[in-house]
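What follows are several structures.
Next, two complexes with subunit A in common: one pairs it with subunit B, the other with subunit C.
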Partner chain A sequence: MGDKTPAPADPSKSTGSPGRFSAQGAKIWGIFGLLVAICIYTALSSDRFLRVDNVENLVHRTALFGILSIGAAFVIITSGIDLSIGSLVCLVGVLLPFLLTRYDWPAAAGVAAVIGLSVAIGITHGLLITRMRLQPFVVTLCGLLLYRGIARGITDDRSQGFGIEFKDLRSIATSQLPIFGSGDDVFHLPATTLILIIVAVAAAVFLNKTIYGRYLLALGNNPDAARYSGINVNHMTLLAYVICSTLAGLGGMLFVLDINAAQPSDFGNFYELYAIAAAVLGGCSLRGGEGSIAGVLIGSAVMVVLSNAINLVHPDYQNIEFAIIGGVILIGVIVDELARRFVASRREAARHAGQ
Partner chain B sequence: MSTDPNIPLLKVRRVSKRFAGVRALKDVSLTLQRGEALAIVGENGAGKSTLMRIVAGVITPDEGEILVDGQAVHLSSVAGALKLGIALIHQELNLADNLTIGANIFLGREPRRFGLIDRATIDRESHKYLDMVGLDVAPQTVVSTLSIGKQQLVEIAKALSTDARLIIMDEPTSSLSEHEAQRLFEVVEDLKARGVSILYISHRLGEVERLADRVVVLRDGERTGELSREQNQRKNMVRLMIGRDVSRFYQRTPHAPGKEILSVSELRTPANPRHALSFTLRAGEIVGLAGLVGAGRSELLTTLFGVTPAVAGLMNMKGLRRPPRTSREAIAAGIMLAPEDRRRTGLVLPMSVKRNLSLASLRRDQRRGLLRGFLNRSAENQVAAMMIELMRIKTASDRQVVRYLSGGNQQKVVLGKWLCLEPKLLLLDEPTRGIDVGAKEEIYKLMDQLAGRGVAILFVSSELEEIISMSDRAMVMHEGRISGQLSRSELSEEAVMRLATGDVEPSPERVPA
Partner chain C sequence: MSRFSLVGAVVAALLFSSGCNSGKTPSKDNSAANLAFITNGVADFWEHAQAGAETAGKELDVDVSVIMPSSITDQTRKIEDLLVRGTDGIAVSPIDPANQVEILNKAAAQTNLITHDSDAPDTNRLVYIGMDNFDAGLLCGQTLREAMPDGGKVMIFVGRLDQDNAKRRRQGFIDGFLNRKADRERSDAAGDVLTSEDQKYTVLGTMTDQFDRARAKANGEDALTRHSDLAAMVGLFEYNPPLILEALDRAGKLGQVKVMAFDENDATLQGIKDGNVVATVVQNPYQYGYKSIQVLNALHKENKSVVPENKFIDIPARVINKSNVDEFWQEIKDRLNK
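Take a look at the complex of A and B:
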C-alpha cells in the first residue's frame, strides 16, 4: 500500500483556456449552421425563397419575433419562464386599436398606455415571484389565461384594427427603407429591423457590459451565491420580468400596427412558445445563467425561416407545421447536448492524461 | 449463510479509501459481534462517515475487504447491503414525510393484494415494528406530524422491517431533545438484547460512554485505538482523537486586540428566536465560535451578514446602527461572510475565477458619470490578478471555471472576493472544511495576518484543534444560545466540549417533552 498519496491533480493545468473556445460560442455557431442549412435547403427546393419580397418578409418577421425572444431570454437567464408573452401580445394588440378607434385616444396616449400596462404587468409578475415566492411557471400561466380572457372580454371577442387611419403610427411597423438594388429588385429594409437592432444592441450591452447583466448571469446560475455576494437578487429578477413584459408589449404593438387586425381569440397564440424555443435554440439554458443575444436572434430566425420553408417547399405539410418545428428543435437540443457531453468527456480525458 | 454465533457479524479488514487523491481512510480494521454496540468516534474529517458509508454499501473501498458472517462480501449498493441485513440511518433522516408511517416503512416493497397496495397488511406489520421500537403511534399517521425523535424511531422500525441485523446510526442524537435521546438509548439496549448489532457514530462522548460496548477511534483516516467498556472514558477517547502534539498545529503570533468594533445585544436569529445573543468583537481579534452541529453557529453568522435578517436585537458597528437586513448592508459596513457550503452559497461554480473574484466588488468598481452601471473591465482584471497572486490561487488562468479548482483554491477564491473589499469583520464558517493540509496552513496564516492588520475574525469550526489554536477567545454555543466564553488561557478541549454539550449548567429553557 502506497503511503504517499499522489498530490491531487490540478485540473486547471490541463483543461486549457476555456475562453478561447467557449461553450457559448460553440452553441451560437451550431445554431447558425442549422440556420444556414435550412436556408440552403429551402433555396434549392424553392425559387421563391430568395425573392426579394420573401427575404424582406423573413427579415421583418424575424425582427418581430426577435423582440419577443430577447424578452424571453432575460427571464430564462434568471432560470425563470414567462408563459404570458403571447397573451400579452394579444392584450396590447387589441387594446391599442380599441383605445384609438373606439375612444379616440391620441396615438401617443394609446402607445403610452399599452407600454405602461406592459411594464405594470412585468412588475406584477416580478413581485409575485420575488416577494410572494410564487413559481414563475404558475404566475405566468395565470397571466396567459388572464390577459387573453381580458382581451376577449373588453372587445367582445371582436377583431380590432385601425382601418385606414393612423397611417403615421402604423408606418413604425410597416415602412421600409430602400437599401440596394434597382427596379423590382430593390431590397427594402423593414423599419421593424431597425427597432430590433436598437433593442438587441441595448440588450447585449446591458447583459455583457453592465454590472447588472453580470448579476443576472450570476443569479441565474446560483441565486444563493449571488445573494451571499451582496446582490439584490429580488430586484434583478423583477427587472428581468419587466424587460420581458415590456418587450412583449412592444412586440404586440408592432404586430398589430403591421397586420392591422387582431382577433382576440387567436392573436399572438403560441408566441410565448416561439419565443422560448428561439431562446433555447439560441443557447439559453432553462437552468439559467446562460444565454447570448446574438444566439437568441439566430434562434428567432431559425423559427421564422423554418415556418417559411414549410410554406414554400411543402405547402401540403402545413397541417403538421408544429410537428416539424417541434422535431427540429428537439433534434437541435439533442445534438447540442451530445456535443456538450462529448466536449466534457474529452476534457475529462485530457485531465486524466495530464495527471 | 452461517449463523454460528462465534463468528463475528461484521469484520472490516484493512480498508482504505481515497477521494480525488485525498486520503479519507487508511488501513482501518474493526470487528463487530452480534448484539454489540460499537461506537466510532473521531473529529470531523477523521473518516467516520466514510467508514460508515463503505459498510452500508454507499461507496466501495479502494483496498481491503469486508466480511459478513465470516464471508467476504462485495458491497456495491445500499440494496445489496440491505439484503445482508445492514441498514444505515442517515443523520438527515430519509423519510418521505408527506406519507404515512406505514407507507414509509414499506416504501418500495409494498405488500400487494390483487395488484393493489394491501393497506391492512401494512398497518398490521407496521404495528409490530413500531412496537419493537416502543413507538405508540398509529401507522396511518403522516410522518411530518411527528417530532424528529419519533421520526428517528420510524427509521429504526423501517430498518427492522428489512430484518436488519446491523443498524448503522450516524449522529442519531444530533437533533434530538434530551428526552428523545433517552428513549433512543433504551431502544438501542433493546435491539442489542434481540441480537441486533449497532454501529454508532457520535460527537457526544458522554453518550458513547454510556452506550457503547467498545469504541474505535479514528484520526485522519487511521485507526488510533480501541477502548473496551472499562477504558471507554471521555479523556481516553479525546486523547486518541486528538493524539497530538499541540506544536504540530499552526502557531499563531499573538497580538493585542484593538478597540471594540462591534457590539451585539439581545440579537435573535430567525432560526433560534427564543435565545437572545449578546457579545462584542474587537479589531484584530480572532474569535472562535464552537459548538455541536445544529447549535446555531452558522445561523448567527448569516444573521450578522444579513442574509437571514435578525428578528430582534441591537447591533452597533461603524456604518451600521442596527442588524443588517440584507447582505448588501452588511458588506457596506465591512462585514463579510465566507459561508460553510462554499460550492452552494460561496461560488457561482460555472463562472470563471475572475468573475467570482470580482462579483462583490463590481458595484464599487463600476464606471462613473454617464457610464454609471457599466463594468470596469480593467478594474475587474486588476482585482482578479491581485487576488490570484495574493492568495496564491492555483489556476491556469483567470478564465478558468471555478468548478474545476480544488477545495482549497475554491476557498481562496471566496476569501479573495471579500479581501479586495477590505473587510472590517470577516465571518468564516468552517473555513478549512474539505481542504488539504497545505491550504489549511495558508488559510490560518491569512487569518493571522488579517488579524494583525486589525480585521476582526469570527469563525465557526467543528474542529476543536482549530478553535483552540487559532482563537484569542472562543464563544461556545449550545442549542441556540451562547453557553459560555473562554479566554485563550481557559481554552481546552474539555472546557469547550462541556459548554458545547451543555454539561455545565442545565439550560433552563428545556422542558422535557
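Take a look at the complex of A and C:
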C-alpha cells in the first residue's frame, strides 16, 4: 500500500466541492452565533464578565483547551479518535515538575524530554493503528489507562509541583504582554494565547493551504478513494496522531506551568472529552473528512465561557455544570445540523431554479 | 483566512466592551457582605461545613456561597472567577498548599483570605481554622491500639496522600498505632510495611482511591483478599469507613476485622452502634463552616481581633465510641435540619 505515487489525484475532487465550503461556513457561523449568544447572556447578567481581567482569563483558558482541541481535530478529521489526551496531559503535567524538582534536570532538558515523549507516544499510536491495524479507539483507550497509571506510578501518586521555583520556565504559560488600553484597563495578551495563535495559524495553513492537509481531509472522507488516488494513507494517519499527541503534550506542559502543580490522580481528567467536544462543536465530523481550525477554536471558547458564566452568574448551579455544558453542546449540534440541511435544501432549490 | 477574522471579531468585541464595564466595586454598596467557602472536593463531610457556613450566614445576615471544586485546576479557576465576580472574603481548604502559593496570595491581595481544614502556612492567609491533623491522627492510632491489646496488622485507606491533611493524619495515625515517638516531619512511603518495636503492631501499607468510591470499596476487598490475617482497617477520609464496612460485609467478615474511622458518616455511626466499628475520630466540619464565615465577616468589618497571635483557631478532634454515639448523632442531626 505504501508505494509512492508522485501525481496525486486532484484533492478538490474529494474534499473541495463548493458546497462543502458553504456547509462548513454555515457550521462556523452557527457555533459562532452560539458563542456570541452565551457571551451576551453572561454580559447582561454580570457586569464583571467583560472586565479586562476576566477576558484575559477567558482567552488564556481558551488557549489551553484550544491547543488540545486542535490536536483532537487532526485525528478526528482522519475519522480517528484519541482518548488518551487527558492522560497524556497528566503524564506530561507530573513528569515535568518531577524531572525538574526531584532530579534537578535543567528546564530545557525537561521540556525536551516531555515533548519528545509526546511525539514518541504519537508515533506509537500511529504505528499501532496503521501497521498493526488496531482500532484507534482501542489503542488510545489503552493509552488513557496506561499514561495515567504510569504518571501515578512514577510519582508514587503524589502531587508534583514547582513550588516557588522555575519562575522563568513558568513564564511561558503565565506571562502577559500589555497590548492596549490605559490605567487599569490595559489588556494583557496571555503568552498562552500567543502560542495558540501560532499553533492555530500553522494548523490552518497546513490543513487548508498544503497538499498534505488536503490529503488528510481526503483520507478522512474516504480512505479507500484516497489510497487508490495515491495518497500514502499510513503516513498521513501517523502524522495526524503525532500532531495530536504533540499538542496534547504541549497543552499538558502549559497547564502545569500555569497551575503550578499536578495531581496524578485527577490532572487532565476528561480533557480528551472536552477536546473532542470542542472539535465536534466546531464543525468536525466524527465520520472524518470535515473540520476547520477556526471552528475548533470557537468550540473551545464556548466550553470555557460556559464554565465561566456558571461561576460568575449562577455559582449555585456548579453541581450541574456538566449537565449545562452537555445540554448546550447538544443544542449547538442540533442547530448546526438544521442549518446544514437548510443550506443543502437552498442549494438544491437553487440548482433546480437554474435548470 | 476569513475564519480567523471571526475569532478576531469575538476577541475584539469582548475587548471593546470590556473598557466600559470595568472598575466597579466588589460588592453592591450598603448590601450584605459576600463571602465564599471553598472546599477541596465533594463529600458528605462538606455538607456539615456547608450547614455551618449557611447558618452563620443567616445569623450574621451575609451572603454565603459554598463552592465544591473537583480538582486543583478547578479550584484555581473557581478562585480566579470569584475574584473577578467580586467577593468580601474567601475561606478555602487548599488542595495542594505548597504549589498554590501564587493563586492564594493573589486572592489574599484582593480580599480577606483564610484557610480551613487544611492550612497553607507559606501564604498570606490571615488565619487557619481547623484541627491539627497530626494530633487527630495520633488520637486515632492510639484509640485503635488500645482496642487491640494483642496487636495485629492494619491497612490504611485514604482518598489521596498528596493532600496536606491526609499526610499529617496518616503520619499521626502510624505514630500513635505503633507507639513510636511522635514526629511531625517524618514521611513514610505508602507501600512501606512498618512494625512497632515490640513487633506486635504492623501497618501493612496505605491504599488510595482518588475519591473514587467504587475504587475505595475495591481497595478494601482487595486488602481482605490479599491479607487473610488482617486484624484492622482504618479509613482516614469520611467516605472510607462505610466502604470498608461494605467490603467486610461482602467478605462475610463484619465484626471479625476491627474498623477504625474518621469523621461522622451515618454508616460509620451505625457501625459503632452495631459494634462493627471501634470508634471514630471526628472533626467538627460544622464549626469549620460556621467559624470561617464568622471570622470572614469580622475581618470584612475591619475587626482584626478575631485573629489570634499564632494565626490558628483550633477546632479540636474528639473520639466517638459506643458510649457517646447516640448523643453525638442526635447533635449532628439537629444541625443539618436547621
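Rule of thumb we're sticking to: the second predicted complex is superposed on the first by the 321 of 355 C-alpha atoms of A that agree within 3 Å, B and C clash if a C-alpha of one lies under 4 Å from a C-alpha of the other, contacts with A are read in each partner's own complex, and residues count from 1 in each chain.
Heads up, the rule we're going with is that a residue touches a chain if its C-beta (ideal position, glycine included) is under 8 Å from a C-beta of that chain, and two chains touch if they have at least 3 such contacts.
From a predicted model like this one, the values you see are computed outputs, not experimental measurements.
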Task: subunit B versus subunit C as contact partner of A:G251, first or second or both or neither - done: neither
Task: Larger contact residue set on subunit A - subunit B or subunit C - done: C
Task: First (subunit B), second (subunit C), both or neither touched by A:G110 - done: neither
Open item on the list: Taking the superposition on A as described, I'd like to know which of subunit B and subunit C A:I293 touches: first, second, both or neither.
Closed with: second
Open item on the list: With both complexes overlaid on chain A, does A:N222 touch subunit B (first), subunit C (second), both or neither?
Closed with: first
TODO: Could you tell me if A:P136 is touching subunit B, subunit C, both of them or neither one (first, second, both, neither)?
DONE: neither
TODO: Could you tell me if A:D47 is touching subunit B, subunit C, both of them or neither one (first, second, both, neither)?
DONE: second
Task: Overlapping contact positions on subunit A, where the subunit C interface meets the subunit B interface - done: none
Open item on the list: For the complex, give me every residue of subunit C touching subunit A.
Closed with: 1, 3-4, 6-7, 10-11, 13-15, 17-24, 65, 67-68, 70-73, 76-78, 80-86, 95-96, 98-103, 160-163, 189-191, 208, 210
- [ ] Note which residues of subunit A are touching subunit B in the complex, please.
- [x] 1, 5-13, 15-19, 209-212, 214-215, 217-218, 221-222, 224-232, 289-290
Open item on the list: Which residues of subunit B touch subunit A once you look at their complex with the stated criterion?
Closed with: 16, 18, 20-23, 26-27, 63, 305, 307, 326-328, 330-331, 337, 339, 344-352, 355, 359-360, 362-363, 366, 373-375, 394-397, 399-401, 404-406, 409, 417, 436
TODO: Using the touch rule from the top, collect the residues of subunit A that touch subunit C in their complex.
DONE: 28, 32, 35-36, 39, 43, 46-55, 57-59, 61, 156-159, 161-164, 181, 184-185, 187, 200-201, 204, 255, 259-267, 269, 292-295, 297-298, 301, 307-308, 311-312, 315-316, 318-319
